[in-house]
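One chain, subunit A, appears in both complexes that follow, with subunit B as partner in the first and subunit C in the second.
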Partner chain A sequence: MNRSWDSLETFENFLDSGGIVEPVDEMPTEYRQAVFDFIEMHANSELMGGLTERDWIPRAPGLRHKMSVIAKTQDEIGHAHLLYMVAADLQIKTRQEMMRDLFAGKSKFHNVFHYRAKTWGDQVAIAFLVDAAALVSQQAVFKNCSYGPYKRILKRIIAEEGFHLRFGEESVLRIAEGTQIQRSMFQSSINDWWWPALQLFGPDSKPNDLLLRWHIKSERNEVLRDRWIQKFVPLLQGYGFTIPDPDLRWNKEENRWEIGPIDWEPLKRTLAMGGPDSARRISEASESWEKSSWVREALEKVAT
Partner chain B sequence: MNDSVLTPPVKEYLLAFADDEHLMGQQHTEWIGVAPFLEEDMAFASIGQDELGHALMLYTLILECPSGIDTYVFNRKSEEWRSCQLVESTHRRWEEALIRHWCYDMAEDLRWELFSDSSLPELISISERALKEETYHRRHAEALVENLLMVPDSKLRLMNALEVVVPQVLGLFSPIPGEEEAISCGVVSGKYSDLLPIWRTRLEERFGVLDSGLFIQADNENRTQRHSDFDYLFGRIREVFLLDPKAVW
Partner chain C sequence: MRVYEVFLKPDGKEEFRHAGSIEAATDELALVLARENYARRAEGTHMWLVNRENICVSEEGFIDSNLDKPHRHNDGERVARWRKLQRNKKNNE
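Take a look at the complex of A and B:
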């Protein structure tokens, strides 16, 4: 195929008419870089999500729960694996280079994985609130994504994330109908994870957002964030939990929930690797990566 | 029919297998996310899930009350477990986890095959399913070990790991309480310990002849004595449960 475009304008016209870009195409450098950055961050986030959740696998309260959370973490790491391959095909960094940058704290991953899952309640809150936020974003990207390999991988990721969400929903239901200890554990998880999950969508999209213009994203951050809020406020309140937002109010005229002002400082800190658990998360991942380097080196020798 | 065959000694015999599978699966979960590359994270996740699934099927058969399995597991006293020390010990190096995976799975298919003609039809179907999965487990362990033995540095690491793991494997093959009753009523076709020579042949075909000192068996009194790491392991298994034993998660 190897298509090329004589100007950014003709390329953008191609995208606007629903065109799908493939890795063999001679795409504009800026587009290649933007798609790469987006997929690399998604891959890093899947991996760091898996690492956040792994801490609770051995402690899952029951055999079936354990099997479910293993499967979930296996999916997240599997998504990272696929996404790193798609990103590597863009020939900006190899998979090894991406992993090295991640473990050196040089590349980004979602804010929520800069926090630690401190309890089983947190594990459930991640499956319920965070996975849902990620799914809302991924569905929006999938709907109109102009980069072919990413769109195809997202189809599978979205299907699997749906199962994770169900695990979260079923667990929350049991906790909501459970004992006082369970309910207060989960209330404190909501207190800790509500704002980070909401900040996952990012600040309002800028008018000239290139990701929107190039059909990598299809909806504005604030629209996605609001969709998530409208779903989760009534759900959590229905289960008898409190949302940690003193300014939260029901707007009768518009028939919708309105939240208080969002403090973006915590998000900014995670972007600078200064989140509550950033240092531990990165240093532990980096340490286990270093410790096992002998395996990679040996297998590389055998391959050559 | 099951009631007449599933006597307390036979249940105790099957419990040993269920406990081994459970704790082997549990140990694999500790290596998800810290493996040398993503494919290995996924492999340990998948193998761990399979072993836990085998444990679940065996517990279900023995306890005949699937909903009560977790309560049974969480509330058991440590002396009531029938696991072997190989699956109870905490390994801190990835090469030890790999060697344990190789050693355990090279012994597991031999164990399942003992149930191929069981007088308990459920055991025949569980073993058929498990044997299919075990083919992949062995293939995974073999491929990695075969390659890592080709490079001097990684070979040395694997050989050192064998010194830690092999003596523990002997406990896996030690006599199992209830075994004689299980054989006499046709639940299982023979003694697991009789298969130790086959396992040792597999081991030495892969790694070469090993120091005979590794094959001196420590006495764990037929799986009634726990490894010193057991309390830590059991503590993790029931950490959430102990927060509120009445809770349903």
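Take a look at the complex of A and C:
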């Protein structure tokens, strides 16, 4: 181990030939930073997602759903744990520094967690549409990721997200089989969450995208987004719901769904921490971190 | 706080495998945290935790000297050739 490369070019050749980078390697600074930023954002998103999930434990409809939400919350917080470990090993920020930056609004997390989940329908829309969008991107990273520890930990995360997706679809089915009130509640959740979920993939990848060049991601944003659209348009329609896109049409020649133009302004606002629920989310996360400080202090005291 | 490497072993034939790492205050707490983070769905029946500081790591190139020792392998070519020859002889008889 402790490999080093004499130039960025030889490093890129190593990556192109399928090379896997390990934390002890002397990787180029730019690569280290890019991998770190990517994993930190993923970790932050798992934590923020887990906290949203937690809010629904007392309000989940029925014991079965409540138990699933508890398991999901533990999974998401667990994923954050694992990812913060992997990120910290890159030695750019400690776990504490990552927490500090998250609560100061200085580091990013996924756009979808800048919105408020107001009803159980919203929570189901998140479990179905958003978790699936995250899973589609994670699978694409996992397939060909050049950073070893991230690739390995993604395997576990993806397996668990699979459970979440099944829970999401089961919840959709139960609402679809429910009353007219339940169905219209979920339709309005789809109206609210369709575009944010679709924007999670980001705008089309630029030709010189470093994450692609360094095999951190393996597929372009627009390809992943389209894969998700092709899957979820027929699924939601199959359950009898409509997609909030007046320009949505079936292209008979190409055998695929085409959507209308995407407004990227909402995504930009969330990236600047100016989403509809950004401020409340961050301050709530920070508050719950503060409230649990006595646990960390007690642990420090018994630390050997 | 210490960092521990987590190893899990599924039931039966499989060997222990590295699962990831965990930060904890004591050995006892590390075991609990590792169980809750890495083994929530029967990923293993046995678990090892190793304090990262206690891992011996080889220097770069230390094991490379063993890469080029063909005499430690036997490709079985010579015997295979002889057997083939015998088979052909027999078939021709």
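Everything that follows uses one rule, which is that the second predicted complex is superposed on the first by the 295 of 304 C-alpha atoms of A that agree within 3 Å, B and C clash if a C-alpha of one lies under 4 Å from a C-alpha of the other, contacts with A are read in each partner's own complex, and residues count from 1 in each chain.
FYI, a residue touches a chain if its C-beta (ideal position, glycine included) is under 8 Å from a C-beta of that chain, and two chains touch if they have at least 3 such contacts.
Fair warning: this is a prediction, and the values are worked out from it, not measured in the lab.
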{"item": "Side-by-side fit of subunit B and subunit C on subunit A, or clash", "value": "fit"}
{"item": "Partner chain in contact with A:K291 - subunit B first, subunit C second, else both or neither", "value": "first"}
{"item": "Partner chain in contact with A:P61 - subunit B first, subunit C second, else both or neither", "value": "first"}
{"item": "Once both complexes are placed on the shared chain, angle at subunit A toward subunit B and subunit C, C-alpha, multiple of 10 degrees", "value": "80"}
{"item": "First, second, both or neither for A:S171, with subunit B first and subunit C second", "value": "first"}
{"item": "First (subunit B), second (subunit C), both or neither touched by A:E258", "value": "neither"}
{"item": "Chain touching more of subunit A, residue-wise (subunit B, subunit C)", "value": "B"}
{"item": "Partner chain in contact with A:D277 - subunit B first, subunit C second, else both or neither", "value": "neither"}
{"item": "Subunit B versus subunit C as contact partner of A:H81, first or second or both or neither", "value": "both"}
{"item": "Which of subunit B and subunit C A:V302 touches, first, second, both or neither", "value": "both"}
{"item": "Shortest CA-CA distance in Å separating subunit B from subunit C in the superposed model", "value": "6"}
{"item": "Residues of subunit A that lie at the interface with subunit B and also at the interface with subunit C", "value": "71, 74, 78, 81, 299, 302"}
{"item": "Subunit B residues touching subunit A - in the complex, by the definition given at the top", "value": "22, 25-26, 29-30, 32-42, 45-46, 48-49, 52-53, 55-56, 59, 69-70, 73, 94, 147-148, 150-151, 153-154, 157, 236-241, 243-244, 246-249"}
{"item": "Parts of subunit A lying in touch with subunit B, wherever the complex brings them together", "value": "47, 50-51, 54, 57-67, 70-71, 73-74, 77-78, 80-81, 84, 120, 171, 174-175, 178-179, 181-182, 185, 288, 291-299, 301-302"}
{"item": "For the subunit A and subunit C complex, residues of the former touching the latter", "value": "1-3, 24, 71, 74-75, 78, 81-82, 85-86, 89, 95, 149, 152-153, 156, 160, 299-300, 302-304"}
{"item": "List of subunit C residues in touch with subunit A within their complex", "value": "1-3, 18-27, 29, 36-38, 40-41, 43, 57-60"}
